[in-house]
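Chain nomenclature is as follows: A, B and C, assigned in order of appearance, with residue numbering initiated at 1 for each chain independently.
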Amino acid sequence: MRYLARRLLHGAFLLVGVSVLSFLFSDLAPGDYYSELQSDPRVSAATLAALRTQNGLDRPLPVRYATWLKSIGRGDFGYSLAYQGPVGPLLAQRIPGTLLLTGLATALGWLLSVPLGIWSAARRRSWPEASLKVILSVLLSIPELLMAIALLALAVQTGCLPAGGLHSPGRADALDALRHLVIPVTVLTLGLLPILVRHVRSAVSEALDAPFALAAAAHGIPWRRLLFRHVLPVAMNPLISLFGLSLGSLLSASLLVEVLTGWPGLGPLFLDAIFARDYAVVLGVVMISTAFLIGGNMVADLLLYRADPRIRG
Amino acid sequence: MPAIGSIRMALALLIPMHGVVVFAGFFAPYDYAEQHRDYPYAAPTGIHFKPLPYVYGLKGDSQEDRTRVYALRFFIRGRFFGTDPPGHVFLLGTDGYGRDIFSRVLYGGRISLATGIVATGWALAIGLLWGVTAGFFGGWLDAVMMRGAELFLALPWLYLLLAARAFLPLHISPVQAFLLLVAIIGSVGWVRPARLIRGLTLSLVQCPYVEAARAFGGGPVYLIRRHILPETRGILLTQATILIPYYILAEVTLTFLGLGVGEPVPSWGGMLAEARQYHTLVTHIWMLTPGVATFLTLLGYVHLADVLQGRRDPVR
Amino acid sequence: MPPEPLLTVRGLSKTFHQRRWWGGNAPDITALEDVSFTLDRGRTLAIVGPSGSGKSTLARCLAGLETPTSGEIRFSGAPVEMQLIFQQPAASLNPRFTAAEVVEEPLVIQGRGWRADRRRKAELVLEEVGLPASVLDRRSQLLSGGERQRLAIARALVVEPRLIILDESIVGLDVGLQQQIAGLLIDLQSRSSLSYILISHDLDLAAGLASEIAVMDHGRIVEQVPAAGLKTTASHPLTRELIAAAKVLAT
């Protein structure tokens, strides 16, 4: 229990740290939402100053941070100057999109890579396994950028899959959404696969080589039982840690894929806010993505705690 | 199982790529900004052999005009190859402005590769300094430094990258953009090398020979320089091969999204952004070449990293 | 008036405070408590005792690797003239260094002399310990155990020390090598009136090399007697135990 409490505290510390840093950083930024207006001769300096005061952009940093912190506590993520509305609902609207995409890719990725990794570990030093290694290396080197563009071009060419967005015009049903999901999820999964398979293979390999596994095999325990009852539980530990570690890459890849395919997730929102210098939204997305990553790692920690008796002490 | 191939294979891919990019001014037949407005979206020029290579002239709609023949010459006008005017040799076709894609891929590689390598140097420098300091002095300094480093891992790397970029001026000169990019990209991913180096330093500091040197009056600077730094070479090398491709990809991504080095400097990311018009893309598939170039570069580095990793843990 | 002792230690104490900076303390460890002794030039003092009695801590305090909590160490000479040779001297050499680099290191740190001078000193000192000059350019990890032992001693000698502290340095060696090194040390002592503090849990070795023996237990010196006639003059129960356990003395 103390272990979990410590992990929670650690996560909270990280969140606070990131918020302070981002706030500091955003303050260093030359210019703000109204900077673009500065070059417009029709807008007077006085108007700009008034606009800034109205939105609280002129108060000292610690005050702004404290205000922001308080409002976060109330669930208010600030005010988006670009969308002219509270940031919270904007985020809430986009979060499910990202979650859906990353969730599906994770599920699919692990579903595919665990069997592949096990097979690969079992058939070491054989030609099929060697060619798998090559394929995976190649897959790892293909930038998701390229994959997505190529697939989208293909979709446009063949017309069998929609090329982006959430829904085709005029449709709002789940089936349509599913068709739109195919390309983004495929790209994300293919990006995940090489990393996962490698790690599954090495984790299972190591477990297979461990003395207890060799002894069990020598005792004549059938292979399937050996695998599922003895080897996999041991391989679980590094794999659960891997889940936590790969989350960051997954979220980053998702950002890119969302932008490329026009999928309504946090990615496009983030990018637009950056170009519009809508720092409230930028901050909000930064905090949410951090929270996701920390949350994901907490889940991994929890699973580790349950799965590995050594951690429980 | 030993890694397939060897360092030689990886280098056989990487060295020519880097060489050709570094000497783009020689290998590219055209300047990166040179426009041929008469031939937008031209298809790759076919090279025929008779047995010496030659090309046909181009008509307005980029069809071959077999009545005009131009020999393919080497070492012409200070460039590796080209043809006499008014002939054109667009090895990979042209883009919307009639700029030779092959040339732009070569020139564009400069930014991507340079950013990748310089940013790696920057990240490793920070990681080395951070790790050695934390590991050598230990105690509360170590704890504070490593906790601080963790903050950089708390964000997904692309979010961190974009957020850092967000808070800096949007419209800046290419040189500034490059330096900025290097600094930002390097700030993502120095943590892992720092941790590894810290671990190494911690174990080295306890070695009897470091203590002996301390007993002779060796100060921190001497001890670090003479006993610890030489041992970090291995880690630095393997981390470099891991970081460089990561950073090249980061640059390509950032520039693609419009937050990197902008026009008129060509870059792979920028060229891929132009390729986003899918209807044009399907008939002009060669516009994806920068993506392929990125892929090949990454492949080389990934393979190199694999081989080096395989050498460190031989039993896998 | 007798010459001033080379080393005077008075009331030396060292307590380790174990702090956990996230709150809570582990109990303090008193490694040394009120240790006092003197050592004259050209003499050898052996400090014996069971493991955990504070012998190594004492050595480290003397060498400057630890700061004593209280007490006084007075050494008539520059700090560098007191050298420490570690347990397992072979491990105290950086495996990547050449023998020359190992031996010259104290000179480099002290900033003494040019490269040529250092090299010459290195050759001289190697000769003293009986190593051929040809090992100078070999990596230390390629040398044999005995050669590395001698190299460690050579390194200590290169700064012309007055006192060498040997912290269990020759204890774990095979008998032949031990005798060789012991012989070398005695030889050096007679030639340059070097002083030694020999720290050991092996009473036989101590009695063979030292003129005086101090017995430590739980951080204190419980008895200090001349080595000659140890069996008869020793009175402390711990000393008697050690004598009984020693192979040669017990007979």
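As a convention for this text, a residue touches a chain if its C-beta (ideal position, glycine included) is under 8 Å from a C-beta of that chain, and two chains touch if they have at least 3 such contacts.
Predicted, not measured: the structure shown is a model, and the values here were computed from it.
Arrangement of the chains shown, judged by which pairs touch: a linear chain-to-chain path with two open ends.
The most distant chain from subunit C, with centres taken as the mean of CA atoms, is A. Set side by side, the interfaces A-B and B-C show unequal numbers of C-beta pairs in contact, with more at A-B. For this pair, subunit A with subunit C, the centres built from the Cα atoms lie 59 Å apart. Inter-chain centre distance (subunit A to subunit B, centres taken as mean C-alpha positions): 24 Å.
Centroids built from CA atoms put subunit C at 55 Å from subunit B. Residues of subunit B in contact with two or more other chains: none. Subunit B makes touch with subunit A in their complex at residues 1, 4, 147-148, 150-151, 153-159, 162-170, 245, 249, 252-253, 256-259, 272, 275-276, 278-279, 281-282, 285, 288, 291-292, 294-296, 298-299, 302-303, 306, 315-316. Of all residues in subunit C, those touching subunit B in their complex are 21, 63-65, 79-80, 83-84, 86-88, 91-94, 96, 105-106, 109-110, 155, 159. For subunit B in complex with subunit C, the touching residues are 140, 143, 207-209, 211-218, 222, 227, 230. Across the interface of their complex, subunit B is touched by residues 13-15, 17-18, 21-22, 25-26, 28-31, 124-125, 129-130, 133-134, 137-138, 140-143, 145-146, 149-150, 152-157, 163, 202, 205, 209, 247-253, 255-256, 259, 270-271, 273-275, 277, 279, 282, 285-286, 289-290, 292-294 of subunit A.
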